[in-house]
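What follows is a pair of complexes built around subunit A, which joins subunit B in one and subunit C in the other.
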Partner chain A sequence: MLEFRLVQGSLLKKVMEAIKDLVTDANFECSSTGFSLQAMDSSHVALVALLLRSEGFEHYRCDRNLSMGMNLNNMSKMLKCAGNDDIITIKADDGGDIVTFMFESPSQDKISDFEMKLMDISSEQLGIPESEYQSIVRMPAAEFQRICKDLSSIGDTVIISVTKEGVKFSTRGDIGSANIVCRQNTSVDKPEEATVIEMKEPVSLTFALRYMNSFTKATPLSNSVSLSMSSDLPLVVEYKIADMGYLRFYLAPKIEDEEEQS
Partner chain B sequence: MGIKGLTKLLADNAPNGMKEHTFESYFGRKIAIDASMSIYQFLIVVGRTGSEMLTNEAGEITSHLQGMFSRTIRLLEAGIKPLYVFDGKPPDLKKEELAKRLSKRVGATEDLAQAIETGDKADIEKYSKRTVKVTRQHNEDCKRLLRLMGVPVIEAPSEAEAECASLCKNGNVYAVASEDMDSLTFGAPRFLRHLMDPSSKKVPVMEFEIGKILEELDLTMDQFIDLGILCGCDYCESIKGIGGQTALKLIRQHGSIENILENINKERYVIPENWPYQDARCLFKEPLVSPLEDLPEVKWASPDEEGLSTFLVKENGFNQDRVTKAIEKIKAAKNKSSQARLESFFKPVVTTATPIKRKLYTAC
Partner chain C sequence: METSEALDSSLFEELDENGFLLSDFLCEEVAEGAGMEGNAGHESFAEAFYRSGSDWSCLVQEDLSDLKPEIASSSSKKVVQADLFKLWGLKKPVQSKNETKLAPSRKRTVDLESIDDQSGRKLLRSSDEINPNSNQQRTCPFYKKIHGTPFTVDAFRYGLIEGCAAYFLSHFHYDHYGGLSKKWSHGPIYCTHLTARLVKLSLSVNPRFICPMELDTEYIIEGVKVTMLEANHCPGAALIHFRLKDGRCYLHTGDFRACREMQSHPLLMAQMVNVLYLDTTYCNPKYRFPLKEDVVNFVVRITKSSVAKQPKTLIVVGAYSIGKEHVYLAISEALGVQIYVDSSRKRILQSYGWSGLDKRLCSDGKSTPLHVLPISSLHPERLKKYLEAYRHQYLSVLAFRPTGWTFSEKIGSQLDLIKPNSKGNITIYGVPYSEHSSFTELRDFVQFLRPEKIIPTVNVGKAAARDQMHSHFREWLKA
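After this line comes the complex of A and B, so read on.
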């Protein structure tokens, strides 16, 4: 059986809100080290990878590796019933086909049990190798969200270019064009407000803004976001989840030349 | 047409072999389309009310052009690369089926005339649908239109479905789109239905994967072909009284039509005389298709604006503004940089965790 108790229940609610529009069904993988999920959107352009390490839970028990198939919209519906300060416990039995979400109010005067049916989901898992990225940009998450939102009112795609000078987001549409440059800025009061650019090589890639906007729904999870880019790899947009893990989005770039697919 | 009741049989017995996908998720994919089937649909659906069809000034039908033009643009706008395959000479075995269809059409034409006389609208609708026939001229018109649009066209030596399946097996295209379940018995690894349905219908594309279907039915490809023949195909009669479910049971029990014939109760089931099931099987297994090395290189080119204008506006009475706008759409679709997929960067892996419960959950 498995049982996890998460004091910061709102965290799980935020994770669901961030990913439920991108993927409909997903398998949650549970092992002794943590709770994880990998799922692609239906067109296989974007991928969500979530990791919540066991250390971050107040109580974590997982006897053997298990995979739980859930419809994310349904899971989100259930988690919406939890209060923001509630403690959430997830429970499931080895042989069963349901998962239980238990919500406890902070003062312990209200306890709710929600049971959800599990699903059999045959999803393809991709092996994502650890890579060195040519450029990594870390910036305030709210700033990134604002940029994506602003640019998508002008165009459909964004070109992200990292140079020594900074990171440039540009787009072009029927009504005109837009360029936003963010320079490195570390002289701020709080470290999460900094913009840090680690560049080994300059890189410039094009992405669909539709997906970027969807990723920024994870903004409530973290004050800062990091964008990792290499010319031959998908973009990684990472939101760190304090003390527990991360929520990462991978996005395949747009390419100019027609590639041969078999 | 196709294999009788196969869709339902698969939905009941191999639900994991079929999956719904959105139309948009096929961007960037090359897809072989059974053109004759699409043209037939256009003639039935596009701009027809009762026995009246869309026509040009000379009174020639243009429904197929209208349909082919707008649906192909829809595909191109979604980033799909269509490759149309036209039927060649029908195999000898199909002649009987074709003769049957012809006589049905003749019957329907008479009924239609009667319905028009009595003015029964429901009957006019019913019979005019049945009188629809795809002529050589329709096919030639569509080929000309597609070439002007810059969309590749392949002429199959025989059945278009077989040619599509062969292209898909060879990896020239990602999938085959048709409404005819024959494509599966011809061995198309990936087969799509409803790709050409109008967007207004909002039907998701149904994708069939033959590998998964065989695995789930626990049949070999040869047995699957036998199953198709037993269900009823275009090439020979089937045994009266044996439907999909029984056919599947018999194939699972006996393994092949030969063994079934030996063991079946001949009093109860009447086997057609001189039943050419072996020829039909041969046709599915080794259909006449273009040799792979002879395949012309398929290319998606820029549209011929002047040519389209002449053909559609001057010769077939299309509205100039609409055609100009449509050409703009084709050009815009061509210029869009294409979206890559994650699989081009990361390779699939097999997961080790056991699911809590392997429970069949089907949406359909």
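After this line comes the complex of A and C, so read on.
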């Protein structure tokens, strides 16, 4: 038996909007500690990792670990039927092949039940190696979204370079080039507006803007975003979900061609 | 030209309006930069930023190396998209090799009627099928089934295969044994003794399912005469020869590197092979690998000359879990040094029972300059970090990445033309040491066997690739 109730139902809607275009199907892993998902896009270039800890739910019950395979597009269709202020409850039986989404309006005068068929998805959970990153940039999420959007009108790849002083986003396309620099800036009123750079080593990496733009669909989840980079590792774009967990995107960089295809 | 200039300056103004270039710390310099004939190019920007008092110099360096490939649209270095498995050094799930690769990207409408769709997923029936690791609903592709027998080869990720009485494992590489685990209970697994030991050791498969077979010995399984032959691939790898009750012969090559010696095997000389299941990893005319011996000699030669120049050189050989042993064994013999391997690899290597190799292994990295590492860790940055740990002993790293993928048409068999990838004191040689057949070896093997039918087992995911291979086969068998 699994049942959890999330007062901030909009959060789940936002998560779904952020990932449904990147991955089609995913297994939701439920355990007593929380609700998580890990899925890779079909080209093995990007990976989504979601964690919602049980503490963040108003009510959370999970008797035994359960893996629920869902088609994210379908799940998103159902969650779209929930109002932004609705309380969402997710229910499933241990032996069942369906999951139930229940939406309660804040005034408690309307309750909707949606049932969705589960699917068996053969995906293996990857042990993502723990890594230390050469540079970590935290910046306002909206700023990052804007930068990715603007740059993608010029080019299709972005070079992100980090030094102690700032982070630079550069692109180049047929019509010209663009460089956007954000300097470290901690003297702001609200901490979420700060741009903070923790750098052990300067790093410069190239990424496909298509993916970056897709990641920034998670912007409504969090005021700030962090970018963790190392020269031989995937970029990690992390949106913290207040009091509950995170939504992380891992993205493989573009590398020089000489690195053979084995 | 005029138009492009106009474009440049309009672009510049646009950026201006967007406020990116006119941010507080930049406005002065931008004004200056604008004075410089509206050159919104990268140089002036970096320069401007640099002059604004921030230490951006390391980036300017980076830019030169990293932006240029992008800027120069000429044929210089191009960037390609890396994938996560490679970066994390993880094995790709094997389905990427066959048709199911396309499945995840296919837009699926939920068709609740289709209980068993080809993409390998199945709507749930009951709870005991909820298992994220189960690949059970994927169907076994035809090229893993030996037609006319109750046998499959290298088909462990499909769970219980209906009608399969014997599961053959050609060799112990993940893309072949994938799906085998200690939970295996679907039927007997036939493989060579060495592979059997690895299956027990590394996967803890219940020994009662493992049926080891001697090479070159005929066994009768389910009424079919089965013989395993040396595959010239990795330790334990076998070609599997089936003689059916009706006299027809099938040969499954597993993964192999075809060679002359195979053509003198009595079993292959005596009777024609009706159906050949062929390892077509490099079935493309551009792959003409030098002999393995030549590559090993080259590696030894390079190592000796490097060590002569700089005795404090750490030699690193990349290897998969098994395979490529001869490369580091040859270096070990030539230099008279031990081979450092980590404990898990040591266990695996010891299970081969090769006395020549056993006595050369050691588990103390500080006592020998020859180290074996996973092939995925052969990147300049990682090796640099690795060298850090031995910095009191060694000043530089000489690494070899022995795989057919490093083959380049330009170099072909002229190994001396191979240019290493050097960064500072890290030198990495990609050497075309292939444990798969090259194109001509495949051709010679096929022309020797002259099978009635060839079923490729690798690179079969794309129709175009399949057609290409079949046209090669037709060409070879025409004469």
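The rule is short, and it goes like this: the second predicted complex is superposed on the first by the 257 of 262 C-alpha atoms of A that agree within 3 Å, B and C clash if a C-alpha of one lies under 4 Å from a C-alpha of the other, contacts with A are read in each partner's own complex, and residues count from 1 in each chain.
To be clear about the criterion, a contact is a pair of C-beta atoms (placed from the backbone, for glycine too) under 8 Å apart; a residue touches a chain by one contact, two chains touch by 3 or more.
Every value quoted in this text rests on a predicted model; they were computed, and no experiment measured them.
Superimposing the complexes on subunit A yields a three-chain arrangement in which subunit B and subunit C clash. Once the two structures are superposed, subunit B and subunit C can be ranked by residues of subunit A touched, with C on top. When the shared chain is aligned, subunit B comes close enough to touch A:31, but subunit C does not. Contacts of A:66 after superposition on the shared chain: both subunit B and subunit C are touched. In the overlay built on the shared chain, the residue A:132 is in contact with neither subunit B nor subunit C.
Within the superposed three-chain model, A:122 lies in touch with subunit B and with subunit C [touch as defined at top]. Once the two complexes are laid over each other on the shared chain, residue contacts for A:109 go to neither subunit B nor subunit C.
Using the contact criterion defined above for the overlaid structures, shared-chain residue A:189 touches neither subunit B nor subunit C, since it reaches no partner. Among the options 134-142, 206-214 or 314-322, the segment of subunit B that ends up inside subunit C in the superposed model is 206-214.
The interface of subunit A with subunit B overlaps its interface with subunit C at residues 27, 29, 40, 42-47, 66-69, 94-97, 118-122, 124-129, 157, 206, 208, 232-234, 250, 252-256, 258-259, 261-262. The residues of subunit A lying in touch with subunit B in their complex are 27, 29-31, 40, 42-47, 64-69, 92-97, 118-122, 124-129, 157, 206, 208, 232-234, 250, 252-256, 258-259, 261-262. Interface residues of subunit C, counted against subunit A in their complex, comprise 7-8, 11, 15, 18, 20, 23, 25-26, 40-42, 45-46, 49, 54-56, 58-59, 62-63, 66-67, 69-71, 77-90, 92-93, 95-96, 104-105, 107-108, 110, 112, 120-127, 129-138, 375, 379, 381-382, 403, 405-406, 421, 430.
Contact residues on subunit A toward subunit C in their complex (touch as defined above): 23-25, 27, 29, 40-47, 66-69, 71, 74, 94-97, 117-129, 150, 157, 159, 161, 163-166, 168, 170, 172, 175-181, 183, 202, 204, 206, 208, 231-234, 250, 252-262. The touching residues of subunit B, when paired with subunit A in their complex, are 16, 21-22, 24-25, 27-30, 171, 174, 337-361.
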